[in-house]
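These are the structures, in structure tokens.
Common to both upcoming complexes is chain A, partnered first by chain B, then by chain C.
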Partner chain A sequence: MNEMLNVSSNPHVRDKGTTSGIMRDVLIALLPATVVGVCVFGIRALVLILVTVASAVATEAIYEKLMHKKITVGDLSAAVTGLLLALNLPVSLPVWMAVLGAVFAVLVVKQLFGGLGQNFMNPALAGRCFLLISFGTAMTKFTFDGVTTATPLAQLKAGGDVNVLKMFLGNTAGTIGETSALALLVGAIYLLAKKIISLRIPVAYIGTFAIFIILYALGTGRGFDLNFLAAHLCGGGLMLGAWYMATDYVTSPITPKGQIVFGICLGLLTGIFRTCGSSAEGVSYAIIFCNLLVPLIEKITLPKAFGREAKAK
Partner chain B sequence: MSILTFKGGVHPYDGKELSKEEPIVEYNPQGEIAIAVSQHIGAPAKPLVSKGDSVKVGQKIAEAAGFISANVHSSVSGTVKAIEPRLMANGGKADCIIIENDNNYEEIEYSKPKPLEELTPDEIRDLVKEAGVVGMGGACFPTNVKLSPKNQDDIDYIIVNGAECEPYLTSDYRRMIEQPEILIEGLKVVLKIFPKAKGVIGIEDNKPEAIKKLKKLVNNEERIEVKQLYTKYPQGAERMLIYAITGRRINSSMLPADVGCVVDNVDTLFAIRDAVIEGKPLINRVVTVTGDAITSPKNFLVRIGTNQRELIEAAGGFKAEPEKVISGGPMMGIAMSNLDVPVLKGSSALLCMEHDVVSSVEETNCINCGRCVSVCPGHILPSRLADLSLRGDMEQFEKMNGLECCECGCCSYICPAKRNLTQAIKSMRKQVLASKKKK
Partner chain C sequence: MNKCVERLYNGIIKENPTFVLILGMCPTLAVTTSLINGAGMGLTTMVVLALSNTLISLLRKFIPDGVRMPAFIVIVASLVTIVQFILQAYLPSLNDALGIYIPLIVVNCIILGRAESYASKNPVLPSLFDGIGMGLGFTVGLSFLGAFREILGSGSIAGFQFIPEDYCIRIFGLAPGAFFVLAALIAVQNKIRLAHGKKVKAVEECTGHCATCGKTCEERKEED
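Up next, the complex of A and B:
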């Protein structure tokens, strides 16, 4: 025996979990919402989703090839970005705009800052906001059953009434993946069961937002209006944002307490944007804005080291 | 019944089924013996013999050189061949007394101490010191020093570390189920020093046999209790163990005695018992030889100084060529580059792995998932500290509590990006501690 033994620092065993495994689970969790989106909006939704995912993955591969870096599309993170972006687009968006959004998300927001783990904003949401600013009309044109129509939240803001059950099931206007709160919750349960995400960010986010809306309804003379609250919770991409995008590891705090603070900030901002802003929505802007606060939030929420909590006896 | 634990930790594959049913068998060395003069934290012991001297089993061959140091005894009878540096399991070299074993195992005459009831605490400590007992869980801190805290009257817990949370290790388990009464005797010796203290034996709940046997034995003991701990690595880390049993917390700059505790490992209590009841020095220990590359895993009672390669042969040799051989367990053990190194007082296991996972995985970018934070028993931020280490930012590293790391390895174990977090933090800790010493 030649006895060439490997030498390395401890520990000498590793858990089976990998980055690509985590990304794969996120893709699986998004499947119900994707399927509902395609069912509600038709085959064009499927085309848009496939093109967006393919563009995101291709952008990453081409950039890394040109830069002589290791091709990392196998970690599936670009696919997740592409899918999340697609689910945030209206079904009628021209395909080239979707491609542009995917290129912006992966190239500018992710790769130019150093690739996976280095971006300070959620790439998919930054891509969406880029498109919203650049192509406002196309990005806010929602069709449902072949007819251009306002989203439930926009109707609500204009003083109209909405069908909450339809919003919960997804049978309503909106972006491809945001309409079905039910499908999004099914995926969220999968992520929780697989311990990919914890409850901290989503619960702090949704809870704060709900309290904000209740107080807003009371303050504006609506009274305690459950229908209004439910419509706000199911509509406008809150479920998609709270469970899938605010929980993005890279752009959320690593400290447990910080995650709760992050969720609270998100709830407040989303509430303010929705009630005071000109648009009926606000989830995307709230999240990318709070992404920028992450370093500060982490700084003030550093955990106390074991045995440093209080003076010993 | 309550099961006690701590926050954080991981559940690696425990591999104990390979060797837990193997009774402890005595192994006598074939070749020469190399007894290191530095098998403990502190100053190396000063050799008392020279080349050509003949020695007997149990003879003191090196003497503690300072307060934090320990005596070293011969584990065989024979002739001193040389005193020279030899390779150790950790890759460094240390002075060893090389003894040609005459295979007669002629013992010195031990002077039997007075009965325990008549011994004073100081006499007990002297016996422990004379016998060269050190913490055999791996830290190798001289036990007599541990048994002499400044606040002796404040000690209210003597904790026996029977957690054995490191995967694959079964030496403590075998000790506990084969000779539980000896362990209790050892504990009683320590309790004699601390009249106000209560003895607690903490055992993980994956060792029900040991819990059952010891519970039965302490049924009528007023001062001794067995506590069942939740099975989770690193349950046996001193700080975690103290917390699980007493709810008290110590940080890296405190000693267990600061919160009224003295913690001893199972093998150490056997050595304490032999020293104080029999007057015999520490000359052997139990070593688990295991792993998927070993033909028949075993628990050996081994004489200190035995060449570790012999143990592999005694366990049937390799059934597959190992990629990695570890002195100790897979979480905190040391990877060995050479098998021809002697067993030390702190060598708990020899783990031979056919495949080395670490070299087969590739380190990728941190995705900030926070798994390292949630498993860290020290409640620090391993991924951030590793970044600071790579950047060489000592000041910030200290500010972010980098020195609180206990090097348990949970962060590297759990990391999905397979980053070598523990390694980075460990090396920075070393630098910071070294620079502090200079000041």
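Up next, the complex of A and C:
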């Protein structure tokens, strides 16, 4: 067989990267945040994470088995979805709700639309929003050290003061994976070094958001308040969302210009949701909303082919 | 008479307005938060549909072709007004629950659709049964949708609570839930319908036209 000349269509030069390799890197990058989450919130966080990941993987396997499709659990994308979803849940959430969220994320958002690469919005975030709408009380009940407390962002919104250093290290209330900005940044550096993600979306996102918050602080008479800005940057799901979920290949634009536009939209929406919305957090809704804008963004930012002239107006 | 039975069957099963024709989606998605609301909306629409089909069929030789749409609308609007007055008088709670969607029955595309495609071309009796059949089909669709959404979203059926509040998946009572349940019900009934229909015989040999072949290559290999 090897001596035969193979005539194949392009592409002829292939990269060695595989879907499972990329997904494994994402899992490795999420490890620091997971470990910090388990350390801060205790063994229950670990149980919740394991159950969510297992049910996401099982849902994918069972669905593909029933539909006589190729079982694609090996590409680890379901595990990533499960882990991201778990990191977005409060530690006190009943386990069956987490299972329901994972099933919804993988079955409805991912598999029913055709599996990996076909989902129109981030499955993990869609699962989180499904749970947030369905079980509003359980999803916004944050416990820390066994005591139910408000998240730093909620305290900030209520006009209170927060400890930014604690927020940066992750020693505070919130969902399992979002509390430690430091651990998330460590993972993000790993992803950047492995060239899994580019800086465009996260930097455009966080930059726009920072400018929005500075202008908001100036506009509302707070003046130039660095503490307020840092609290907003470290608080809530911003770091988790910007580095790990907004950069999802399937649901972000592929054109470089489009990625910047996407990041700016995300920053604006997150800022508006956080400052004007009734809830203190707005990252999930901002990301799944911008996921829906991706086809439009790609359409207006399509690069022109080499040698072609720009369309005469 | 046989034709009348055929009309009923056609309306409830073969051309079910909710699951097959996908008509009248506005009330379908908006008011089916509970079994009672769904069934109430369906039955109200059925009454209007049966009466409007009868009247339009009676008047089909008098209505000039050029102004048939305004004429249909006037007939349907009069009927809806009467039905709403009756509801306000005898079923005020249902009237409050359905709200704006009762006057909106006037522009329900099932009603205008049946008037245009059936009642205006056929005799009175089959038209009446066509209206009843389509109305029943709509009622069945809305009742199913309402029942599932009520069980999942508020843990009750026809107002009787049997699942504790904490275990209700609230999203099913909201707008997205209507889409989820409708899609799932259409999928289930398509599955049943396709199983009853004759199976399409697959192409025997691989022609290399993968785009038009319904099979995956694994399935082919298994067959070979």
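Just so we're on the same page, the second predicted complex is superposed on the first by the 297 of 313 C-alpha atoms of A that agree within 3 Å, B and C clash if a C-alpha of one lies under 4 Å from a C-alpha of the other, contacts with A are read in each partner's own complex, and residues count from 1 in each chain.
Quick note on the criterion: contacts are C-beta pairs under 8 Å (C-beta built on N, C-alpha and C of every residue); 3 or more make two chains touch, one makes a residue touch a chain.
The structure presented is a predicted model; accordingly, all values stated were derived computationally and were not measured.
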*Please indicate which partner A:68 is in contact with in the superposed arrangement: first for chain B, second for chain C, both, or neither.*
second
_First (chain B), second (chain C), both or neither touched by A:134_ = second
*asked:* Quick one: is A:9 in contact with chain B, with chain C, with both, or with neither? Answer first, second, both or neither.
replied: first
*chain B versus chain C as contact partner of A:255, first or second or both or neither*: first
*Once the shared chain is lined up, is A:100 touching chain B (first), chain C (second), both, or neither of them?*
second
*May I ask you to decide whether A:306 touches chain B, chain C, both, or neither, giving the answer as first, second, both or neither?*
first
*Answer with first, second, both or neither: which of chain B and chain C does A:108 touch in the superposed model?*
second
_Touching both chain B and chain C, residues of chain A_ = none
_Touching residues on chain C, where the partner in the complex is chain A_ = 166, 168-172, 174, 176, 180, 216, 218-219
*Inside the complex, what are the residues of chain A that reach chain B?*
1, 3, 5-15, 17-19, 21-22, 72, 75, 77, 115-118, 249-250, 252, 254-256, 302-309, 312-313
*Touching chain A in the complex: which residues of chain B?*
10, 12-13, 91, 167, 239, 243, 248-252, 254, 258-260, 318, 321-326, 330-339, 353, 356-359, 361, 364-371, 373-374, 377-381, 383-384, 400-401, 404, 407, 409-410, 412-418, 420, 422-423, 426
*Touch list for chain A against partner chain C, complex*: 68-70, 100, 108, 130, 133-136, 138
